[in-house]
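Look at the two complexes coming up: subunit A is in both, with subunit B in one and subunit C in the other.
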Partner chain A sequence: MAKEKKPPVLPEAGQWPDKVAPVALVAGAVLTTIGFLLTFLWVPPVVGASVNGAALIGDSMVTQQLLLSQKIFYFHMPVALVSFIALVFAAYYGIRFLATRNARFDACSKVAMEISLLFIIMTMITGEMWTRFEWGVWWTWEPRLTTYLILMLIVIAYFILRNAVDEPERCSVYAAVVSIVALIDVPICFMITRLIPSSVHPVVLREGGMTADMGICLAVVLVGMLAVGFALYRARFGQVRLGQRVEALKDALEEN
Partner chain B sequence: MAKDYAKATAVAGRPAAPSALRQFSVLLRKDLTQEFRTKEMLVSMVVYAVLVIIVLGVALSFAKPSQEYLEVCGGLLWVLIVFTSLLGLNKSFSREKENGCLEGLLLAPVDRGAIFLAKAVSNLIFILLVEVLAVPLFWFFFASFATPAETAWLSVVPLLVGSVGIAGVGTLLSTITVNTRGKDVMLALLFVPVVFPLLYACVSATTATLLGGEVFAATWTVSLVLAAGYDVIMILAAWVLYDFVVTA
Partner chain C sequence: MDPILAEIYSTILPSAPYVIAAYALIWVALLVYVLMIMRGTKKATAQIALLEEEVQEKLGKDE
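Then we have the complex of A and B:
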């Protein structure tokens, strides 16, 4: 018999978070559903106005349509936050990849970026609904909108770049660098569009903070969305790593 | 990294590697000599700038020329600069690639930071040279009939700050895209969103100088400070990340 060979190092996928992920998915689904019910059944409209008719908020008359359109906020804001958190993780794993050259972190970074793109698209959709009813236009070059458009374009470019590089190692390094550049660029983009006074469009800001009820509802949806994002991340990560494992096994078989 | 090489060569009994400043100046001189002999990149950039001006002229041909043109001119000028420098950035690294120059550089005991700085500075010089020709031309075609504010000459400052940022970020990104399929499109895809904040600040500052008065007072300082901040942060980041990119 031939002397026993050392088994090749195979990509691993299943760690302890995979056991938590299904629970997180269920919890996320339940929490976002509760949040959905809360927004319409429990949380009062802004500053206690009634939905049946018009109310004076700040200096402007606000009608039923506007008060109801405000409800999208409870989904828009958590989704936007989750997309940015996913981007932070993508850049974090990008840095860890550059430091260790471990393909595992590259997969982490890529999957986090995918989750980020998913939530960015959801942010854009909910944001468009908000913009249409609140400000009466489909698009305006408002700081937050602009920043998210730019963020979406960079993340899309990230995936196109990944597809355009043939060597896996080089692809991972470039992707990691772009994810770090994206994380640095996005806050600067927000600052610059926010701080430079625009002579054409006034910065649209409505005064008035959140009441406690609104805060609770927002927190419920936020935790729910985070749990959903985490569960999706683990599921996709497992899938990507298993795919890599299959490839590695194929290579190992061909060598023997 | 250069230090290790220096030490290694010193052990072998050969003279130590030249200082980073010397490496930088040699690399920069190499780029400039190469360009001024062929003039390939500068000529194509200037011709391209003229073509962009013609397209902008068509785009504006049905608008009534008036003083209000000044509000648009600052933005259009930056359209011209972004597209022209994109072309130049694409060329700047493909040449290194074609002649196998990059491999030679990486084999030599040269500091990666020096490679980045030399490439960025040579790109900056080319962009500025093209601007020296293209901006007066732009002015001649679009703004000569409107009287700008007295502060118009100050638009040199955002042009300079913007070109520095474009050259710095563009050098990092063009090093990435030179190894990809469809590299021209890829550079534009990465470059335009990443450079967007700088562009926004520079357009704001340029428009401020052209309009003068209230707009100038309100936006000039803040735009310039933000553009300069972008330059500092992004060039530092590009410098740090360049080592990974160029050796990948």
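Then we have the complex of A and C:
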């Protein structure tokens, strides 16, 4: 006897992830706060250029300048990783939309792209602050910066495209393709520091790239930011679905 | 202050505004997005209330 194929469960507001989202938001707030405290109170400052002599600070002899600006890294890198992860989900839902032509997946993809743009903006802001202080410039055409800028422009282009195309299905198809193109830039952006080594963006996710305390702090912030991103995604998705239901109701009323 | 200590700490104070700005702007960006979601949800909820009234009126007329 042939089994009947079950229809796929469509993402909808009010499903189990919405029950997890408030917990994720609280967890995200707590973890990022802990990460913030660890950054400034627990992880020792990274040292920079050598000074002419040595001085006793606490119980250790210090012979180099202390770099407070490096503390930006503990939030800069996690928000960048969350922007990549959001793009993976955007492309996943884009592919599911192309396979099924169900508008629900397009809505999911659009919201994931929004979350990605939000975290890209946060990455850019923190990166700019670092660049401005350490290098004395607001921008430098360094490989990682350039590939990440391209990624940001693709994501912005995604939203421009959505507003430019009137026909809904065509708009969703184009948007899904752009979300996949954006995903292609993610590994390029991630691997570029390995392919073209740069002093601005050292490779840190490898053995010896970070000390254990730096890694713990980074992991705490990363998990916190992931939780915040997930909670925001669900909140925005709920709002988008509410808007879609309002429009459907309006249409139904106009027809009757 | 000891001149060596002064040199060691020389990068701390000048970088502080940038570090503070980086952390503050992260939370500003998140807050703006949360406010946008809240505003959108409030608007949609208000529209649903209006639509419900309209449906009630229509049902009243039909009866």
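As a convention for this text, the second predicted complex is superposed on the first by the 199 of 256 C-alpha atoms of A that agree within 3 Å, B and C clash if a C-alpha of one lies under 4 Å from a C-alpha of the other, contacts with A are read in each partner's own complex, and residues count from 1 in each chain.
In the analysis below, a residue touches a chain if its C-beta (ideal position, glycine included) is under 8 Å from a C-beta of that chain, and two chains touch if they have at least 3 such contacts.
All values reported here derive from a predicted model rather than from experimental measurement.
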{"item": "Which of subunit B and subunit C A:Arg132 touches, first, second, both or neither", "value": "second"}
{"item": "Subunit B versus subunit C as contact partner of A:His76, first or second or both or neither", "value": "second"}
{"item": "Which of subunit B and subunit C A:Arg234 touches, first, second, both or neither", "value": "neither"}
{"item": "Winner by number of subunit A residues touched, once subunit B and subunit C are compared", "value": "C"}
{"item": "A:Lys110 touches, of subunit B and subunit C: first, second, both or neither?", "value": "neither"}
{"item": "Which of subunit B and subunit C A:Ile196 touches, first, second, both or neither", "value": "first"}
{"item": "Subunit B/subunit C common contact set on subunit A", "value": "none"}
{"item": "Footprint of subunit B on subunit A - complex, ascending", "value": "98, 150, 153-154, 156-157, 160-161, 164-166, 169-170, 173-174, 176-178, 180-182, 184-185, 188-189, 191-193, 195-197, 199"}
{"item": "Subunit A contact footprint on subunit B (complex, rising order)", "value": "172, 176-177, 179-182, 186, 189-190, 192-194, 196-198, 200-201, 204, 215, 218-219, 222-223, 226-227, 229-230, 233-234, 237-238, 241, 244-245, 248"}
{"item": "Complex contact set, residues of subunit C against subunit A", "value": "2-5, 7-12, 14-16, 18-19, 21-23, 25-26, 29-30, 33-34, 37, 40-41, 44-45, 47-48, 51, 54-55, 58"}
{"item": "Interfacial residue positions of subunit A with respect to subunit C in the complex", "value": "36, 48, 51-55, 57, 62, 64-69, 71-72, 75-76, 79, 118, 121-122, 125-126, 129-130, 132-133, 228, 232, 235-236, 238-239, 242-243, 245-246, 249-250, 253, 256"}
